[in-house]
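Here you go, one structure.
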């Protein structure tokens, strides 16, 4: 199947030029002025941007959490991602404490296989890692899972202690795998939560008040120190605060190999959301996620970090739960309970919010339209950097000869209002939008995965077809 | 009993003047030019310094460790302290995991009662602190134990996790008690040690190589972050490295209430000591203590810290163990095994070294004689600051009307060579000196505890007589 | 003349005790419990604090500025100082560009001689310092002028370029003299002012808006860098901002010998004062001084700096100018024009404000009463530190045997409202108060200079009698 | 004229792929697999890297300095650049104090016109900038000179004071021009030099000892502070030290728009070069340039800075002077005196050294071969970043459709030893190499400027042909 995208303005993390892009067999074959090739499909991209498909390196599809599951699976979640201009996700598989990580990987392969509309890869969440099982890590890398996530939060659930961190960091460093980290000191936070609950401080706002930014900063600092000793390449996920960012900067000033990811929610929303009226004071539950939304001043710090290369990547941490437990026209009601699990207290609210569909448009609006990021930097933080750090490059993350034709034809003039009621912006299987009412200028028109048009002008063109991508190790290229 | 010290140069943390000091009933009654008072004893201090008796806020007398006990008890240890110019120690009592801290306090009262030649007080080491026992902390404060020590090192033994730190810090902050902290990330260090032992790296030098300064810095940073949230006043004990010190400075720049103590071993010795020849490669065991001796460059950083008020206090962490297991003339051989417990590997060597007797002379030499500290600052770091931060002031830590007459007549011109073989510098019950062969200019001539002459010109004048001092809370004065 | 101060609570930078203080021949002779001495004068200090007389190391009496002179001379200014509890000032003599500094010193001796009610010393402002005159610096030190001030502000008037700074810093370092610095980048500020004036931005608020804190920080950093190379001991005067303070902290972290002074105006007032209504928009001229008042957030940073030893001294920069040009009952109208010189534009307003009388009471209120500083630290920042850094110690800055009896009996319970209309708080020869309406708890009752009562319960007891004090070099004591 | 480069591995700042590159009319027309196009010239790049031609944003051809001129002119200098793989230089034109910058530009156009073998652009050195001439700055920008250089060093010659900096920074910020800065505090340095000369310290090593790194750091800090106020985009040229770099990092942490350039000499050489034996102690003069070579430890800091995006660009500061005043076979002896001008003292030695020819090979060796930089980062720091920051992008700095065909076919396996005697590495008109004897792996085989082969396998293929490039303003693209 061949495809010719004509007359677009091609943007990569570095480049910016007008050309035709010719795709055949799922990869880019030629780029040039007025290409004289024949193609089965021809797209006119005049006046449009032609950009690498988005890579969302942080999603949780079909993930068990606190007695339920996130409401998007690999079918609905990847379709929504595609509508939003994302052509690859890296989802977090989970190793169960005391069990083999390879079992966890198998389970996630089963969740995804045959369902995904776009390509996907897995990180592996490690919950423990005793010496006797540490050889699993190299096997995971051999199987294309070349990154881990560990939690300094959620004691008793996903939490890994410092010894586990050190062991896993050392092995990852030796294997050329990268380490992702949820950096919040969950041990101290649990003590603070205990106090709040004793004092009957149970409303959603207490989710934010019991997770101080200082505890994010502390964990970032600690993880950097351990990674420095262990020789690991560190990637802090969903960085949410200026305090946390300061530690990233100080670590990098010292020369440590650490990078940071943030999410649109920390760039566009703030903790006042938890005080939203409605639903009997429970409305704020929609934004209960960890780390929580922060005071507004943190937003500028994070945007500045993106601009000045202190923050490197933007992911969504997509992890939706229904707010009301009913779904809209035609859809069977969900069998998965949602935010209502936490009616009795903020600490029981499932952590997470939807977002996989909104990332590209939000970042274009807040970054490019509002003048904070160049077009190249927009592409870099939404796609290229993730491809490079996570071993997908050069197959993914760029538009270049030989690369997978994961391409978005992006209309810089199309305006949309993000809403659960706007089917052009909301295909996620969840009954609310975290960004309800946000208006964005610039939206994906056509979304192409390995040369296959998945979405075109707001309608789904293909189902399934996504493949698992075995990722490369640090220092290797994925050809 | 009255005492008149004539014509000395009186030095406090602030002052510097020539006067007579008249003592009666154990306290200072008058200070003046040519005092026309009658005293039972008259000391001529012409040409001498008259300084507040030293306060050593960090000793471990008679302390259980790794199957043995430190070799000095409250008798021998306090006599040695007095010979060295120290008139108050604050020793570390221990709460046993799962048991009441009050029991621990009783045990230490029994160890000390009637034995000490100088006054003493206790910190309480907390090894756990569940909600249900937290009221003990206020009772300890009521009993004059207004400071705690917690260990981020030694997992499974003295280690307190971050939740325990937070709970105890909160309570201490509420009570006006202070928190002392051994700041090394013992969890990570244990992993590193495990690796070294597997690789048969067992010589004393590996004690240093398995305890990187980065893990001290990490713990200092973490403790500061937790104290900041908990509202506690923090005191980092035995700070050993420039990396750790940097975190103290950054914390204080941010405005956190944190202070730091260092010890002569970190100011005068370095990790090359672990490579000392002799005793079949085991000679270095003499300096196995935690944190370990560091690379030489750290010394300058710590001295500069003392000068510029980034480091606030100098203690000894006195915790002696015999090297050969035999003692000198007249003394019964010790029933307590010592360093030989670690012949098989550095990780089995009892941690600690002697020093309570050498602190004042070493600090005078390295500080005043070598031009790094003013006389006032010498007094402040060896006595006054500890008195103030630990609730002994103004009874201790100064020479002022109404204060306890804990006074040292210090000869700035007397030269001594510190040696296990020099009875004027070595009364500690241990068969080696950590500072063997160091020559110092300036030495205590007469050491007075509450008006009672304990040591005079190298001979012991009194036995016992030391009292337990109930210390005040933060913000209170001990009159 | 002998004096006995009975039953007071004596506070020094270190000590805190109850005792009688016996003064004879102008110095302290004895301190003790229930002293059985006879004295010509006996003061009962029961319930009072007995503290070292304040030292104000930064005043401008009778100083030429922009075509007029500051309105207090050494008579009125020192009487006001005494009423406020200050017993020593260090005033700034000025070397005229191209002329000998020794001439400048002579001129200031003439201004002061026989007039001052309290003791005084001089710093020397250097406006240039070519090689051929640099030997003057040592002669000044020999004459007891062991500190300089140089201006990085006021180009064409007092400004010294970086080369002059370096030369003078080197010489001062070699001589044991200290260097005071007005740290604002006047070259850049003059450009900014030029722009404001061109844009007809002439109201008093533009005084603040044309002197950004970043230009204070820049100059602090630059001065520290130059001092580091030149081996000078640096003292930044009237530090006004958090930005500037950050550079002090960073310099000290690096180990540079730099200290900082702030003033009550920067601790209690903020730039909103320039927007005060009244007097046709000119009311704000009362607070036109350099550096200007800053945004309110800077106050907390400076207080914290005082508490944590990042800021070391509190002076007034007393430099009063009449606001309306008329004076109150009995006083001849001033021959010196004042703030009205700047009616046409903020850049013509004489820079300076009154304050020498208010410092001690304000610092007691804001520091001790409001819980930001201990009593000892209050004494240290208002007296002792200045004595030590500027070579007045131990004659000044403490209450100790042999020291000058510069003593304030301070009533911690007396309340006053500072006002130009309250003769107990306003003896300065100027027609407004910079702190009008501030209520303070705690006020000097009796103020003693070398044993002589100058002020007692609000009435002046002596006229003249102040002496010039030759100050010691760094590292020397002034006995 | 068309050209087909077949089978190469194409590397840009982002991409890495195998493809054919087809060039026609001086620009890239197509990139693709097995392109079926006909070309007049076909180059087989199998096993070779195909990279963007190097951009050297810092050269001084034919520059007057201290009574002579740099020895390369726009003919010899650009040929040498081309041999080394550089296809664009940005040379520094000079405005003469008191005269129009436009005159300076004319003079430099005359120097370059018709001579250059590769494309060139100009920065403009501003030596003064009074209000009345400031409109020239916009005219320069209109003429394609969209960057300035100002000197904080060289008082009396090129030095601009802080007021001039502020005025020019403001105007540059308003115009979208960028500001380059030589950051050394020349005022202080001149004082230090004066002292050294007085002390008869005249050997080349004193060039380094009189220019301390602290004075580079100071000026970097100052420039950042001024740029922050003025709203300028700042670019620090030839950063040489860890101290200076720390200020870059701190400025960027604070969010200031500042970038840094370093040079191979600071990455590969150190101050021990000044102590080289030979030539009667004058050998070290070869490396007299400002800033000077530094202590070796600075090299690692700068490399790390390049890796972690704290340093952004690598230029040469090419400014050669003959060492012996004679030239090699066939060349007329130079009419320009060289280093011998400084026989009498280091301060008279013409500042500068050759390097334009060695940059690409040195950076490939030290960066890629020795594992410090990725291939993409190598391209970015030697070409792409300079193109972007200086308004040459996308015409220069990348290989993309529509870009100028400034391309280097680089053989990663070719080994050369840099030497004045090796004609493949030394075409510069100067009688020594600053990197004599360095062996590099990887060297340019074919160097193409706008589709024209200038150098092929060590022989020059074209003469002249270089064009002046009018550069774009910040935020604009040069199509």
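Order of writing sets the labels: A, B, C and D. Residues in every chain begin at 1.
Keep in mind that, in the parts below, contacts are C-beta pairs under 8 Å (C-beta built on N, C-alpha and C of every residue); 3 or more make two chains touch, one makes a residue touch a chain.
This structure is a prediction, so every number in the text was calculated from the model and none was measured.
Participant: Provide the labels of all chains in contact with chain C and in contact with chain D.
Facilitator: Chains that touch both chain C and chain D, as defined above, do not exist here.
Participant: Between chain A and chain B, tell me the centre distance in angstrom, where each centre is the average of that chain's C-alpha atoms.
Facilitator: Inter-chain centre distance comes to 52 Å.
Participant: Averaging only over C-alpha atoms, locate the centres of chain B and chain C and give their separation in whole Å.
Facilitator: Whole-Å distance between the two chain centres: 40.
Participant: Express in whole angstrom the distance between the two chain centres, defined as the mean CA positions of chain B and chain D.
Facilitator: 58
Participant: Multi-chain contacts in chain C: which residues touch at least two other chains?
Facilitator: none
Participant: What chain pairs are in touch here?
Facilitator: Touching chain pairs, listed by label, are A-B, A-D, B-C, C-D.
Participant: For the complex, which residues does chain A have touching chain B?
Facilitator: Interface residues on the chain A side: 161-163, 165-167, 185, 187-188, 190-192, 212, 214-215, 217-218, 221-222, 225-226, 228-229.
Participant: Which residues of chain A touch chain D in their complex?
Facilitator: Residue positions touching the partner: 10, 12-19, 22, 29-33, 35, 246, 249, 252-253, 255, 304, 308-310, 380, 384, 393-394, 398, 400-403, 477.
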